[in-house]
Structures are given as structure tokens and as C-alpha cells.
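The data blocks that follow each hold one structure.
Shared between the two complexes below is subunit A, which has subunit B as its partner in the first and subunit C in the second.
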Partner chain A sequence: MTEPAALNVVVDMIRDTLSLSGREGEKVSSDTLLFYHLAFTSMDLLDLLFRVEQHFDIAIPDGTLYGLARGEMPDAEFATDSVLSAAGKARLMALLNDTPAELFPERIHAASLPRFCTVGAIARLVDARLAAREPCSS
Partner chain B sequence: MFELIRTLRIDAHAGGAVGEAAVPADHPMFADHFPGVPLLPGSFLLELAAQAAGPLCEEVTALRFGLERGAVLAMVRRAVFLRPCFLPATVRLTAHVRHADSARMIAAVVAAVGDAIVLRAELVMAMIDVPPEWSRVLEGRHERLARWNSAT
Partner chain C sequence: MTLQPQWGQGGSVVVLTGATGYLGRALARGFADAGATLVLTARCETTLARFAEELAPCGVPIHTVVMDLTDPAAGDGIVGAALKLTGRIDALVLNAGTLADGLVAALDGSDIAQVHAVNVHGAFGLLHAALRPMILARRGAVIVVSSAAARRPNVGQAAYASSKAALEAIVRVTARETAGRGVRVNGVAPGLLDGGMAARILDEARDQAVAAIPMGRLGRAEEVVPTVLFLASPMSSYVTGQIWGIDGGWTA
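Let's turn to the complex of A and B:
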């Protein structure tokens, strides 16, 4: 479950990014797609992730999204030559379940996975990292 | 937003593109790089190279294979940073397609400030399908390329 605090912080950071090009008034919510609705560049995403890492004191290394989508599935079943298999695509779509299904093309290259992320997906990524950092107390 | 390219002219038949990016000294994204000595980070220089190579690869894919695909930087195959790029700077970008197939392209990019080359790189661009539902993104891309092409 996403903590509202994480989502709110991510939304504020995205608003900061948009303000660099005078787009302060643009709507940003959990289901906003970074590349689709906000025309993010890969450098905008990288900058956002750096700031998220700093703020929450977590690490989101390259390939995190790929790893989360793959889960326990063997790499050879998940993708071939960096292109997701049908099973790999299904796992990605399950992970990014707030992204409209029709936005996923038939052929998905591993380098393009962040393009399908919503703001909410980034917040969930933060939550997953925070949960991994803090062991559950019973 | 990180959009610093001002001009980009693509010759898909020749497999080449030439563009210019205006990089200010006070861009918030690299405010701490470094205080008092603004220097363009290498990663940003590579992003500029990819922003020039990407549209070139898309145009070449359309011309040679009749496919409208989007270019995504898949790998930096080689990057040699020859000089620091002090800011503000106008960075001239020259890109050429070295290898082309419908799924993957390799582009060589040279970035220069004045007469000094600051970067030589080879970028592998994955050419990805663009579903019709992404039409608003394609429209934005066409608008941006038209703006970059018409700027003087």
C-alpha cells in the first residue's frame, strides 16, 4: 500500500521538474504517465530518481524496474535479446497495473520500461525500497 | 525539463544529423556541478548526444524500413570525454548512423564547443514499436523536431 506521504513527495518533485519549463499548472496525479502525459525525457526521470533517492535515503539502481517485473522468473524466460517475452510483458503489465493496457506495445525493449511508469508506480517503487530497508517488527 | 537542443537538421538519406544545444550555466539540474565552476556532467552530454541521435535513427528507420518507431538509448557502446565542457556553452552535435536494422541502430556522435571536441561516442539505440495510442507523444515529437529544424 502506497503511503500518501511518498506519493505527495514524488508529486511535488515532479512539479519542480515541470516548473523548469514553466509548466507549473499542469495536472499531476497518481495515474499521470511521466513520458506519455508529461513528455519526460530520460534525463528528467534520472534527475527525479536522484532526488527521490536523496530524500528517502534509498537506492534505486539501474534495472530496478526490470528486476521487480521479472521477480523469480528466469531471465531467459523473461526476455530474449533485451526484448520481453509474452510472459515477461504480462509480468510488467501486472506490476504497472495502473498504466492503460493499450499503451504497451507488442514488442517491449528492456531499455524502455520506465516509459510505462505512472507517478503512482514511482511512489510504489519508493515504498518497496523503504519496505526492503526496514525489517518488519513483530 | 531537460530540453536544451535548439536546432537539429536531419538528412535521413545521408544518415546524418547536425544540431546545436544551448546549455546555460545556471540550469537547476546541475546546480552542484560545481559551485562556482559550472561544468556540464558527462551524463548530460550523453543525453544531448542521444537527443540528436534518436530522431536521426527514427527518420532513417522510417526511410529505409518504412516503419515509424521510437528510438530509446539502449547502450553507450563507447564514450570518450576529451575536454571539460565549461558552461555556459553552445554544444554542436554531429551524428551519423553506423549500423542500421529495423530493431537496433548504432550512431556515432561527436559533440564540440567551438573548435574543440568534447565528446566522441557510439550509442546503441533500440528502435521500439509505438502503438497508435501513443499518438500524442508522436505529435509532441513531430512538433519538437519541426521547431528544431526551423530554428536558426
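Let's turn to the complex of A and C:
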């Protein structure tokens, strides 16, 4: 699965989610921020992730974004009491490099990471999970 | 404007917990009579199989899933089985419950833990699992069986009443969260019924209890069924986050 293919599906799903609250007319593109531009709610995000998981037959468990941002960095260096360290914040900003830097506050709680996602970041998340999926044996 | 009643559950898939208890049996019969496909759950395989046989003459598809709600895997297990058997879940009726009465000063911590394990954690696990397919389908009705004790607890009901009060809070929160997804969540709060768990606590004070009910009598399981059918039907399409008292006026 290439990223553009995932991106197109994700964009369609976001439009579907927006239509539930009469927001069909919103512009949705790769660099659109879910929470800042589209006023996504936590439920909108969960709804989107449910649909993405079903469509692509992948699992995106809680903490997936956190794990991708942390990478190989030890958890104690990445965050303290669920608040990202400076190094942790830098890793998150590198992962979400299409999100304007000024949107990242000084103090970032681990539970708030999805709030900084663009539509493109969700598509990349899908690609990462597809790549991590074990290939079929048959 | 003419309202055309749509009480029937024809073709709907209804998952019902605690199906072999006093109220559970009445609910299962009510949904079966209305044409629903049933997925019945209970702990005892023999009792559940026998009850399913009793319902067979109703002529609707009846499936059974033996599960103990205190099993952490119960929620996913029941929902997975229901989806495999029927392909969808239109209504979930969380009816299973237990009680352990005793004065707070005398109640054992393990008693209250056991009651909450079934009534709160067990119900929550199944609700959690069922919401995903309902949200994906953009439709679904959840009906939680609470109790009048949540609003008007009596002496000795700390464990039971607190568990039902917790359930009612979960109903209201979930209703707010899922209202925009076509999923409605409501509860019914029966008062004292003439069978099931209530029968156990009435041996000591039946006359006193009846005297406190404005209608002057205990309720019957069959009198709870129509409200649950209503809450599962399109007739209640604009109703969510509510707890319906069915108690002869006890909490009026």
C-alpha cells in the first residue's frame, strides 16, 4: 500500500466523519490538522480510527503514535510522568514534521499526541501499521 | 401527523445477558415474540440450552453464548460470537446482575467487589466491546437494566445500589459520547419485582416493601419488557441517556 492510496482513503473517511455533524464543506488535504482545522473531537478521532482499522484490517492500539515517536529512545528519556521531555518533544516534532512547529506547546502530555496530527500523519500511521503487519503465508 | 407504531424487532439482532434469570427470561420472550434474532448469554450451559429450547416455538433464530461476565475476555467473546453468528448487533440488553446485601459496617470488602465485578465491570466490558460495531454501523441501541435502588437505596443495599448508580452514570456518559454516531444508550430501573433477586430480599420485609409502593403491589417481569422493547425500537429514536423508572411509583 502506497501512501497516496492510504491518504485518499483516509480523506474520504474524514469527510464521512465530518458529514455526521454537517461539516461536509470543510477542505481536507494532507496538511489539514484534524483538531485545529477541522475541530475534531476525541470521538471523531476514535470513529476515524475504527474505520481505518476495519478498512485496512490493521490494529492501531492506544499508544501507537507514542511508540512511533519514541522509537528506540528509552521511555524514561522520552517522557516523565507522561509529559514529554525536550528530547521527546523533538522526536514527536520530527515524526509530525508537517505540523507547524508553533503549534507544539512547551508541555506536551502523552495522551494529547493525536491532537497534533495532520491528515497526512494519519495516512503515514496507516502505512506504518501496514508495513508492520506480517505478510500472509499463503 | 399519524404515528405508525414500530414495536416489532423483526430482523433485529438482540444480545441479552442474564438470559436465564427471572427478568431475563421475560425479556427474551418479549423480543422473540416481536421477531428479533436472539443471542442469549448466561453462565450455566445446561440452563441456557434448556431455555433456548423453550423459546424454539417462537420461530425466531436463537443463539446461545455461555459466558461468565467476570471473565475479562467475556465482552470481546460475546460480541465476537454474536458477530460471527449473525453479522451484526442492533441492540444490547445488559441485564445480568447480582447482589450481596449487608450493612456497610458488616459488609465484607470481597462482597462489594464481587457485585461490582458483575454489575459494573462485566457490563462495562461488554458495552465497550459492542460499541465498536455499533459505531461502525452508525446504529444501535443499548439498554442497561439498573434498579430503583440506584435512586432510592435501602438499608443493606450498599453494594448493589452503588453498582447500579455507577451503571447509570455510565449510561449517561456513553449516551453523550455516542449520540452523534446513531447509537442510543438508555436504562430501565425496575422497582421491586415478584421474582428473581428481589424475592430474596423480600422474605424479611415483604409487607413493609409493598406498603412503600404507591401502587401497593410488586411489579412483574412482564411489566418491564414493553419499556425495554420501546427503547430498542425506532419508536424511541430521539431518546438517549435516560433512565426509565418502572417501579409502581416508588421513586416518584
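Here is the rule we go by: the second predicted complex is superposed on the first by the 131 of 138 C-alpha atoms of A that agree within 3 Å, B and C clash if a C-alpha of one lies under 4 Å from a C-alpha of the other, contacts with A are read in each partner's own complex, and residues count from 1 in each chain.
The criterion applied here is as follows: contacts are C-beta pairs under 8 Å (C-beta built on N, C-alpha and C of every residue); 3 or more make two chains touch, one makes a residue touch a chain.
All values reported here derive from a predicted model rather than from experimental measurement.
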Using the superposition on subunit A, tell me whether subunit B and subunit C clash or fit.
clash
Once the shared chain is lined up, is A:Leu20 touching subunit B (first), subunit C (second), both, or neither of them?
both
Just subunit B (first), just subunit C (second), both, or neither: which does A:Asp47 touch?
both
Could you figure out whether subunit B or subunit C reaches more residues of subunit A?
B
Taking the superposition on A as described, I'd like to know which of subunit B and subunit C A:Ala39 touches: first, second, both or neither.
first
Could you give the residue numbers on subunit A that contact subunit B in one complex and subunit C in the other?
20-21, 43, 46-47
Subunit A residues touching subunit C in their complex are 20-21, 43, 46-47, 50-51, 54
Which residues of subunit A touch subunit B in their complex?
17-18, 20-21, 23, 35-36, 39-44, 46-47, 82-83, 100, 102-112, 115
Complex contact set, residues of subunit C against subunit A:
132, 135-136, 177-178, 180-181
Show me the residue ranges of subunit B that touch subunit A in the complex, using the header's touch definition.
1-3, 27-29, 43-44, 47, 50-51, 70, 72-75, 103, 126, 128-131, 133-134, 136-137, 140
